Amino acid sequence: MSIEVSGVNKRYGDFVALEDINLTIPTGQLTALLGPSGGGKTTLLRVIAGLETPDSGSVVIEGKDATSLPVQKRNVGFVFQHYAAFKHLSVAKNVAFGLEIRKRPRAEIAAKVEELLELVHLSQFANRLPSQLSGGQRQRMALARALAIEPSVLLLDEPFGALDAKVRKELRDWLRRLHDEVHVTTVFVTHDQEEALEVADEIVVVNQGGIEQIGTPEQLYDEPANDFVMSFLGDVTTLGGALIRPHDVEVTPSPISEHSLEGTVSRVLRIGFEVRLTVLTDDGEVVTAELTRTHARALQLEEGVNVFVTPSPGAYTMPAPSPAA
Amino acid sequence: MLWFSLLVLIPLVAVIITASSGGWSAFAHQLGNEQTASAIWLTIRAAIVVTLINVVVGTVIAWVLVRDKFWGKGLLEVIIDIPFALPTIVAGLVLLSLYGTSSPLGLHWANTSMSVYLALAFVTLPFVVRMVQPVLEELDADVEEAAASLGASRFTTFRRIILPSLAPAIAAGAALSFARGMGEYGSLVLLSGNLPFKSEVASVRILSAIENDNPEGAAAIAAMLLVVSLLVIVVLDLVQRRMVRRG
Amino acid sequence: MAETRRAPRTPLTYVLRLVVIAYLGLLVAWPVVLVAWNAFHVPDVGFTTEAFAGIFGDPQMMHAIQLTCMAAVVATLINLVFGVSISLLLVRTEFPGKRVLSALIDLPLSVSPIVVGLALVLVYGGRDGWFGPTLESAGIQVIFATPGIIMATAFVSLPLVIREVIPVLEEIGTEQEQAAASLGASSWQTFWRITLPGIKWAVIYGVVLTLARSLGEFGAVKVVSGNVLGQTRTATLAVEEKYLNFDQQGAYAVAFLLASVSVICILVVFVLRARGARVR
């Protein structure tokens, strides 16, 4: 077990950032800490790195108690959201920094830097300054810099948060492939559920200073532990007083089971290949349903049409929280 | 911290303590001396007038430096800083060359109270300009364009949009310029002639009190100047906090 | 500055431009040029560098210049070390009384130099200062000696480095420092390799401004120095003395030297800033 966090608490004044966190992160995996902003995931990552000291609890990295070790001694690679590039140093010097601190022989440093720049596809930019790189390139440099010290764990704080959508997606795929090559235990923080679902082996959902659920992307999506996890990982709607995913709502011209509810289509929204319907049931419930375009066309759906909505067979549902809660 | 205390805090506290050593009446007596009172009054008057001039002219200079563009603007940038970097005694000599007895302009201001205003205007020139300029540079042209698109005339835009954004910087510059004016000494030595009741300022009175072995008298005037400085610092602190909060 | 859109030119633009040029010309540019002129031009004689020969030939004058330079350099070094460390303290740490300290740092900017001198005399004066007699009996004379001149100089130029460095420290933030720590750098290594290069330009501006201010300090130095010929007389004090002794030519010459140094300092900062703006 690569990282073990037990009983960690952290407060800032009255604000509880982390409350009794217990977490085990296995060696060699790519783990995502997922949750809304201000939920404590970045604090947790920084506690693991040693950039924050927990008020209580312990952090064990590769079997060694690291709780009282300063960040310098933990041998963790940390990648910051805004890259934290050393602006006055060239790309190669940035990557070499940790090795120079460790007083490695010059030839070894040069070889290692070359190898890493190759890995992150920045070889031709070795002598540039960070200001001459794009955001995505800077983040790859920061990653190479963190990998240079051969960290026992690699920690990434919203690594793609500051990049635009397209670059983000490219880097996400690239990170997955890189991880499959290097196999260093990696933890990254994100608030983007799509990013977590696509990249991570395992996802830890963090909210309001606590852990909501730990599991593989499939487990989390298909069997969310509670309504928070269900609504955070993907869209949800209510149908007959239960939470359900919109694509699990079947829309038919006539009832297909005793659970079918009658209603009127109040809005039709086309988004690319899919169609999103808003149906107002006779009980006054607002149900969202997602269909493919072909299916919607076959049903001749338009505003004002009467339809029946039914949970599709095998759909995962859970009781909706009462509005008071 | 220790160095700061030894160099700045303890000596300044010593001024206050020496000034108050004789009690309130002795303090008032020192300041009540006719010649001293006249010097202090002149200093305050000159510092206020010069600060007002700087508020107007300094803002205009900053405006021209940021928004206008013409050949030789870089030179003006350098000229603005000269009064700050020039040794004050040299500043006095410099002004004497144009406004003294051999003035090519025929302005014989040396040894008159005009010379005090002149010297203070010279040494306090950079303060408002250098406080306002960066704020003006940061000010988004978008905001002005938005105001214009909403129908505001250029004058209204200036009065209702630009001026309020500049106000804290102008206030900070004015405070610094006032403080500097109140305490000025070097540039006046040669220029003003230090004539009692005519062109003698507070700092000169302190120095003559020191030279006449009257530390209490010197400390009394110094304490008064120090209070002015402290007030200025408080104003600066408040203004800076306000600027930070606005982002 | 390049991307600032400029307002369309109206007659007002030209009026303002003219007002500014006239004001600065009459108040600063013309008088400064006249001093340079007077330093080289003697009525009825014409141009001469005699006055400068007089300065460099006068051992007491040379001593005054040396003293000025020495005091300025020492005061600048002190303010460099003190300024950078206090800036780090103010920006990177939290402690009670921080706000008061940061406000007090600006105090030397608004205190009269004469008050500075008086304050130092009251504490370190050899006869009846607070610490003066004690230091004197330990063989250290502060007032009417070089240490006093250095202290007065350091006092008046104290905030200059700090005021340059603090905004830059705030702007660069702590991420780079944290990154360096996560790569194993000790706080000392982080300071030398990451923080200092980041604030390099601010420190240089601060030092140049401090140097300019230190070389030219007059009022505070006048009070604490005693103006002893050949011992504690600085260059600025010499200007006053020469002028009052009707050696106008000599006064203008020394003034020209001092003014040149300060103008050079401004130009250095101006060029560096323009360069810095381009690099960024």
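Per-chain residue numbering starts at 1, and chain names A, B and C are given in the order in which the chains are listed.
What we mean here is this: a contact is a pair of C-beta atoms (placed from the backbone, for glycine too) under 8 Å apart; a residue touches a chain by one contact, two chains touch by 3 or more.
These are the chains along with the protein names UniProt gives them: A = ABC-type quaternary amine transporter; C = Sulfate ABC transporter.
On a predicted model such as this, the values are computed, not experimentally measured, just so you know.
Asks: Could you draw the chains as nodes, link the ones that touch, and say if you get a line, ring, star, complete or other?
Replies: line
Asks: Among the chains here, which has the CA centroid at the largest distance from subunit B's centroid?
Replies: A
Asks: Any chance you could check whether B-C or A-C wins on number of contacting C-beta pairs?
Replies: Pair with the higher count of C-beta contacts: B-C.
Asks: Taking the mean of the CA coordinates per chain, how far is subunit A from subunit B in Å?
Replies: About 57 Å separates the centre of subunit A from that of subunit B.
Asks: Calculate how many whole Å lie between the centre of subunit B and the centre of subunit C (Sulfate ABC transporter), each centre taken as the average of the chain's C-alpha atoms.
Replies: It comes to 17 Å between the two C-alpha centres.
Asks: Take the average of all CA coordinates in subunit A, do the same for subunit C (Sulfate ABC transporter), and state the distance between these two points in whole angstrom.
Replies: The separation of the two C-alpha centroids amounts to 53 Å.
Asks: For the complex, which residues does subunit B have touching subunit C (Sulfate ABC transporter)?
Replies: 3-4, 7-12, 14-15, 18, 57, 60-61, 63-70, 74, 76-90, 93-95, 97-99, 104, 121-122, 125, 137, 141, 144, 154, 175-176, 179-180, 182-186, 189-190, 202-204, 206-207, 210, 215, 218-219, 222, 225-226, 228-230, 232-234, 236-237
Asks: Mind pulling up the subunit A residues that touch subunit C (Sulfate ABC transporter) in the complex?
Replies: It comes out as residues 49-51, 70-78, 80, 82, 84-89, 97-98, 101-102, 142, 145-146, 148-149.
Asks: Quick check: in the complex, which residue numbers of subunit C (Sulfate ABC transporter) touch subunit B?
Replies: 1, 4-7, 13, 16-17, 19-21, 23-24, 26-32, 34-35, 38, 78, 82, 86, 99, 101-104, 106-124, 129-130, 151, 154-155, 158, 209, 212-213, 215-219, 222-223, 236-237, 239-240, 243-244, 251-252, 255, 258-259, 262-263, 265-267, 269-270
Asks: Help me check something: in the complex, which residues belonging to subunit C (Sulfate ABC transporter) touch subunit A?
Replies: 172, 175-176, 178-186, 189, 193-194, 197-198, 200
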